[in-house]
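Common to both upcoming complexes is subunit A, partnered first by subunit B, then by subunit C.
== the complex of A and B ==
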């Protein structure tokens, strides 16, 4: 393989890893504060991407044609709208079921995911077709011999990194973050400390869902196409990444995201090399198979959370 | 004696449909240490939960400083000036000692006040100062007890609820803890102390109530209770 092709695989892997990590952080945050799996998370990402696209079309219609302004407005609108959607889901679907068996939450969020998916398919104009996503980032690139650095990919990577670092700082350095960690460790004692439990839960769902919206936009800007079903696979991958890392642990989720994309890249490169004639399309099969084996070997994930600490 | 700070009036509370507390009434005088004695399952912890709004009373009133707490969410009840040192200490295991203390003053916005109170707690428990960066879950039971007490003082409450401070501690630590509780009270904080340890509790309390099967079966000054046959019956009968 040429160096150029290798660098392309690495770059692509990093990009996907970043998107997966952003989805996985949501899963792990929700599980942290409420011990629930919210399966509509991938579809919230998809709705976020479509919200961004609709905002773009709206701005076009209004005559705003600076790509920078368009991008900023799209990002803010999509993140805020999905943050609000996440908080509403928490308030009206997840919190009321807090005392019910966890399976009910699983089922209801699975259903909600389908509702979101079908709603976009049916109500977005020609929603069942893939939609072209605008190229808003500069297409400049620099080449070092065989190695090509694209400006748009670099910007996306840095933006993703910034979003993850921002969430990390929020969780570890602020008073609200301290409250989120306290609720995650012991919700009842957190309430005794005077923490508004419901507010913290809604805030956490808003943060996770806003991150998903950013992941959806990144996905759209990178592939220049979105479709109503994109959240399904991204949701499953994000969930796998969070579980690989150890649910409830933010570092684990980030690690899991990059690990999964690394597995896909390895699958895409190694399978055709080892078994000539195999398509790179088997990369997902390879990655998920490794995840299954990994979970059998290490059921609690990479960064295990000791059960005794979660009274 | 001085004015009543907390009064529980005819409270019924429990889980599902069964009431654990039945028609419980009691008063805590401002500035006092008032104790609730009772054996396991007598409803002591449910009483604490009912005051904090963690278990909503089905009937009755909980008046604190003139306001009825029943129906208020827990964080607002805490905001009226009540703090709690929960049963089993319940420190946040994966947060540092300092972070645990900061959470005790969660509703305090003034950083200067928080810093002063942390200094005050470190003055009482120098051990906590040495370990301020350590994760609470890695400390010994005695140290966690200190942290839990310190955390309870951080909000500078008017009323401090203390649930079974002697549970799981060695006799020497129990003695130290009770000395600290008396010291906290001398700082002007009213204490409602829930305990099984009759002798030590009555030695520092001013006034007390005995709970048995969810009802108040005796009350009086600490001295009266120490001589009361009902108390003996509740524990040894």
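== the complex of A and C ==
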């Protein structure tokens, strides 16, 4: 394997890992603050991508054709809309079930995911077909032998990193973050200390869902194609990534995201090389099998949640 | 006053009821349509449903028809387990006389036993796996479209004729994709092409960069894809991302407007597909079909296999008109179909119920449309495929 080829694999893996990490961070935030698993997260990501696309089409119709302006407006609209959606989900579906068994939350959000998915399929015009996502980033590229480095992929990678760092800073360095951490640690005490519990929960769900919207846009800009089913597998993978990393820990989620994409790449490259005749379709089998082994080895994840430092 | 008004209303109501009674004096016969109405390939399923529905509506407008028809449609979600459920539901319902069934090969092959067991005559309208008709000799099973054997024979011969040498094959790992891989590889070898790599991928995969990075290293002239539209769109789009400069050759599975819409005209340009049947756009019946389809104002396009669903529904209704609404008689009557004119060309069922369509039509995307190869600027030599 040449160096160029290897770099290409690594870069593909990084890009994929970044998208997974963004989904995983959402799962980890929700779990951290409320100990719930919100399974509609992947579908929120998909709705975010479609919101971005609809905004783009709207801007086109209004005659705005600067890619930069389009991109900024799309990002803002999608992130705000999904933030709002996330907060609504928290207020009307998750919080009322706070005292019910966790299984109920899991089920209700799983069903909500199906509702979102089918709603986009039915109500977005021709929603059952794959949709082209606009190319708004510069498509310049440099080739080093077998390695093609594209400007747009590079920008997306940096943007994803920036988003994750921003969330991290928000949680560790601001007063708001302190409140989120306080709620995560002990909701009752936080309430006694004068923190508006419901507001903080809604805000956390908004932040996580806004991240999902960014992930959806990244996905669209990277693959230039979105479809109503894209959130399903991304949700499962993002969740697995958050679990391997250690649910409730942001670093763990990031680590888990990159680890999962690395496992998939290794599965796709190494399996057929080791066992000739195996198809690359087994890469997911391989990756998920390793996740199972990880879970047996470290049930609390790679970076185990410390009770005092949740979120 | 009130009494008078209500009297008028009741008289009006009675008249209407009488009129309706007269209109439905014909016996109503139920047909079933089964296809993927939700999920990734639902564009094709809904196109087929609309087309079968169109055939039924047109027949109901025909004053000479002996029966009035009603189309019941079920969703098989392109999943074998769901397909068996709905097939059983339809077959167990004695009021349903025959069916226009399945776009996905995996569902069509899973349900043949069910139809046979219950004695429900069906005409498959879109699935191309050979074993649907050829694995058994069930009199109930018929198919208007051809199999992937003919399709890949023509595809391999045609592409080697264009002097391409090296292929990478990507296929989904369902029976459908595996079948395409098998037959294409066989025929390509026969015609002297060289397959340098084969990749099986799952049917709902999103990211193909790893497979394509590997494929790029193998320097293919052509990437052959055996699978359906959603995956086709993703693979073609990601080929561009990785700077792979090869022709994208698909199968009948990507011949849909959704493929071009999903990629945009520029990326779709020069993609190839092969599909059984005459180029129906050119047949007089085809124009009739598109005209009537447009009149009904369906929200979705008929897609590639809509005409087949239309033809299948018509064959069934022809049989019912002739022998009456009886499953056994309809089965026997469908077995006799020979040289029957339809919008997809002549239809003849062999002893397995398979339509023997000698013709495969080659399509290429040109300026955002699927154009018959011979009529395209690629066919005339004005434009060139990549690497030609």
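Simple rule for what comes next: the second predicted complex is superposed on the first by the 299 of 311 C-alpha atoms of A that agree within 3 Å, B and C clash if a C-alpha of one lies under 4 Å from a C-alpha of the other, contacts with A are read in each partner's own complex, and residues count from 1 in each chain.
Definition applied: a residue touches a chain if its C-beta (ideal position, glycine included) is under 8 Å from a C-beta of that chain, and two chains touch if they have at least 3 such contacts.
All of these numbers come straight from a predicted model, not from anything done at the bench.
Visitor: State whether A:16 touches subunit B only (first), subunit C only (second), both chains, or neither.
Guide: A:16 sits against subunit C, while subunit B stays out of touch.
Visitor: Per the contact definition in the header, classify A:189: touching subunit B only (first), subunit C only (second), both, or neither.
Guide: Only subunit B is touched by A:189; subunit C is not.
Visitor: Applying the touch criterion given at the start, work out whether A:197 contacts subunit B, subunit C, both or neither, answering first, second, both or neither.
Guide: First partner only.
Visitor: Could you look at A:143 and tell me whether it touches subunit B, subunit C, both or neither (first, second, both, neither)?
Guide: It touches subunit C, and subunit B stays clear.
Visitor: Residues of subunit A touched by subunit B versus by subunit C: which partner has the larger set?
Guide: Subunit A has more residues touched by C than by the other partner.
Visitor: Taking the superposition on A as described, I'd like to know which of subunit B and subunit C A:178 touches: first, second, both or neither.
Guide: The first partner, subunit B, only.
Visitor: Using the superposition on chain A described above, determine whether A:225 touches subunit B (first), subunit C (second), both, or neither.
Guide: second
Visitor: Using the superposition on chain A described above, determine whether A:161 touches subunit B (first), subunit C (second), both, or neither.
Guide: So A:161 meets neither subunit B nor subunit C here.
Visitor: Could you list, by residue number, the parts of subunit A that touch subunit C in their complex?
Guide: 5, 8-9, 12, 15-16, 118, 121, 126, 128-132, 141, 143, 146, 148, 150, 153, 222-225, 227, 229-230, 232-234, 264-265, 268-269, 279-281, 283-284
Visitor: Write out the stretch or stretches of subunit C touching subunit A in their complex.
Guide: 38-40, 42-43, 46, 173, 198-202, 204-207, 209-211, 213-214, 216-217, 229-230, 233-234, 237-238, 240-243, 258, 261-264, 300
Visitor: Which part of subunit B faces subunit A closely enough to touch in the complex?
Guide: Touching subunit A: residues 52, 54, 73-75, 78-79, 83-84, 86, 90, 92-95, 99, 102-104, 106-107, 137, 151, 155 of subunit B.
Visitor: Touching residues of subunit A toward subunit B in the complex: what are they?
Guide: Spelled out, the residues of subunit A in touch with subunit B are 175, 178-179, 181-182, 185-186, 188-198, 309.
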